[in-house]
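Structures follow.
Two complexes follow with chain A in common, the first pairing it with chain B and the second with chain C.
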Partner chain A sequence: MNRKEMKLEEIMSALQGVIPTIVATSSADHIPNVTYISQVYYVDEGHVALSYQFFNKTIRNVRENPLLVAIVTSPLDYKLYKLKLLYRESQTSGEIFENMEIQLEALAHVKRKEGIFKLRAADIYEVLSIEEI
Partner chain B sequence: MVVPPGHVDFLRQPLSFWLATAALDNTPEVIKCTGVLFQPETDTFTCFAPLKFCRTGFRHLEENPVMALVGVELYTYEGYQYKGPYISHRECSTGEVAFQLAYMKQLTDILHSFGYSGPGYYKAYVHHPFVAFTFRATQVFDQSPKSGTGGELAKPAT
Partner chain C sequence: MSSLEIEKLMSQLVESNRKMEIFRKVSFELNKLISLPEKLDKILAILDEQFGLANTVIFIPDHSAKVLTVFASHGYDEKMIGRCVPFGQGLPGLAALRKKPINLTGIRRKQHYLATVGHEDELSLVKPVGLEDAESQVAIPLISNDELVAVLMAESRNLCFYDKADENFLITLAQPLAVSIQNSVLYDSMEERIRERTAELRRLNTTKDKLFSIISHDLRGPVTSFQGLTRLFSHYNKSGEYGKVENLCTKVDQAADNLTHLLENLLDWSLSQTNGIACVFENIPLGEFLLNNLKIYQTNLLAKEIGVQVSVEPGIFVHADRHTLATVFRNVVSNSIKFTPRGGSIFISAAANGDKIGIDLKDNGVGIDCQKLPALFQLHGQRATCGTEKEKGTGIGLLLVKEFTELNRGHISIESEPGTGTQVRLEFRGGTHRCPSL
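Right after this comes the complex of A and B.
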């Protein structure tokens, strides 16, 4: 298992939304939750944004316990990366939100799922660690 | 019973399965699941996974014996999440390993039909040895991508 410290810029291929991302959260009373999301969006070297569409329990969990683990997959070599993330804020307008909305619409078109990929918010997370698994 | 009877057939399909655990400090963990067997009489799931993905999950289960499993159908995105108390884990039998390899072959064939590399996916997730987790579902949630998703399903009448 590779434990070296990694940077977001090294895993950009895994952040394109080609392969859906798995996210796990925990409620304040330690009940795990696991689901899929469409997109992890690169914000800057220390932050990503997750698409908030309709994954309600995930949203409720990170508001009471801000830790989230995401598994992203590179479509080039199928390497898996575990991102440990800390929820910071939710944005419903601005450049990040608008760019994510455009990417999400493109993904929806490719997957023929127009209408269900509506973005409610771009949730901003600080990247605590990245690990290849 | 809490798992709807219709899920018995649903769970026999080559769904994409993932497990999750949580530590008592509320750190979550994800485990790639390489196959599931469901026992409807007891609402019990046996979930298979490569040992290399399970180290953190083992630690979590020692202090907080609760598991979550999501299963999603790849064509329609119909999906459900099952949660409940962890019962045990053990090494997989030879038959269970064969079951997982057949399941992963079916899953990668589907992904290949979407344009993904079947061999690449198989190589990423199939790692010997494998372990089998058992947990009992006490809650079921709709995870299909639609408005209102995430809601708990009503328990079937007994």
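Right after this comes the complex of A and C.
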């Protein structure tokens, strides 16, 4: 396994959301939760964003314990990367929120657009480290 | 610098050169003097050939910025041109509404994920304009002067087809494309306005020509009569036949009155023509109207010794425009006089039939060959036919009669037999004024 520290720009293909991301969180009392999410969005060289569409265990855990680990996969060569993330803030407006909202809206061009298809917030995370695994 | 880094830089250089080449080719096509659809078709073909964009569509927004319509497409089996998508719907609709590029990958997998976490058994998806099973889509709004000019959409069945670099390249390409489309659309709309203005000018010119023709046609008869009288007047004066001169005075006076009346009518009518021929409908008492118009031709009738019998049902009226109806009637009477030999007869009758008024003008003139009847109401190939005593005409009389009859929501029919005579039947809306009971 390659433990070399990497830059976010080097793993852009893994942030396109082609292959679902595995995320691991834990509650304040250290009960872990592992699940899939659709996509990790690139924000800038030091930050990514996750969509907050409904209140689930991942969101609840992150609000209690801001550390999160995401495993993203590049669809080009199927390489896996582990991202250690720290929850910073939730944005409900601005360019990042709008870009994520428009993606969700475009994806869900369904006749009924409520509930899951509505973006509540763009959760911004600081990237603490990236490792190829 | 390591060999790996050099290799990476070389690869980036090759990619940049390839994109520059595409940009050059697209710019070359944009500068060509060809129609916009042809131009866009070629550009989409270049994007396929050089960039691997197999399925591409260019949408143009409508004036109200509510609907996008496919203007050019490439790589689809089905006919795409003319298909519509509302603003805000699907990838192109959203890109148009938000004026932002959108890049989606793994579409169906993500939709399935959304349906699963949203506890939806099956998503009720709106049918997309392009591929129904697209996995990657990118939509770039083409904006010029802050105005949405078009939307370029590319799609693929591959899971991950367009990366950020592709998106940025398409955004760069979108700028000259937007300016070119905007210029072409502006050019087309100007051409359209010019076409509309030209059509309007032609229409006005035709109206003007008709006006002159009518004036010429309607004036020729009475003026010729008047000219005949004045020559006779001069002749009697020179020959000292003063008694006959005195007799003529009344006729000259009457002819001058009729001519003035006719000129006034024509002037009124010509003034109403500034915006084309518009009818002002009113209830016209028919008996009085027919007799007044018939007076204009009294001299001609006397000159050819043609007898006229008028039989109009009392109290009937037609609902029509006075000026155009007078033109209809005058032209029909004038034709009858023209083609009825000396000593002949004209019968005018009018009767109500429900809310319709039928007017029949029958003469025992030379008649018309049945083969010539269909051509009577056509402008093309019309030639004036001289009357039984070489009376001149313009050849448009019956054309005007038909046109003005129809303007008055009426109908005209002609029955004729060579050597026997002609019957013109006019039908208009109208009715009967009831006489108060005694």
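One rule holds for everything that comes next: the second predicted complex is superposed on the first by the 119 of 133 C-alpha atoms of A that agree within 3 Å, B and C clash if a C-alpha of one lies under 4 Å from a C-alpha of the other, contacts with A are read in each partner's own complex, and residues count from 1 in each chain.
In this section, a residue touches a chain if its C-beta (ideal position, glycine included) is under 8 Å from a C-beta of that chain, and two chains touch if they have at least 3 such contacts.
Model, not experiment: these values are computed from the prediction.
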> For A:Arg88, is the partner it touches chain B (first), chain C (second), both, or none of the two (neither)?
Replying inline: neither
> Of chain B and chain C, which one touches more residues of chain A?
Replying inline: B
> Thinking of the overlay built on chain A, is A:Val69 touched by chain B (first), by chain C (second), by both, or by neither?
Replying inline: first
>> Once chain A of both complexes is superposed, is A:Asn99 in touch with chain B (first), chain C (second), both, or neither?
In response: second
> Given the touch rule stated above, what does A:Ile133 touch, chain B (first), chain C (second), both, or neither?
Replying inline: first
> Between chain B (first) and chain C (second), which, if any, makes contact with A:Leu107: first, second, both or neither?
Replying inline: second
>> After the superposition on A, what does A:Ile19 contact: first (chain B), second (chain C), both or neither?
In response: both
>> Can you give me the overlap between the chain B contact set and the chain C contact set on chain A?
In response: 19, 36, 53-54, 56, 75, 116-117
> Tell me, which parts of chain A touch chain B in their complex?
Replying inline: 1, 19, 22-28, 30-36, 53-58, 65, 67-69, 71, 73, 75, 77-80, 82, 84, 113, 116-117, 133
>> With touch defined as at the start, can you tell me which chain A residues reach chain C in the complex?
In response: 12-13, 16-20, 36, 38-39, 53-54, 56, 75-76, 98-99, 102-103, 105-112, 115-117
> Considering the complex alone, what residue numbers of chain C touch chain A?
Replying inline: 89-91, 93-95, 98, 100, 102, 104-107, 109-111, 113-114, 117-118, 120, 123-126, 128, 137, 139, 159-160, 163-164
>> With touch defined as at the start, can you tell me which chain B residues reach chain A in the complex?
In response: 18-24, 26-30, 32, 52-53, 64, 66-70, 72, 77, 79, 81, 83, 116-117, 120-121, 123-124, 141, 143, 145-151
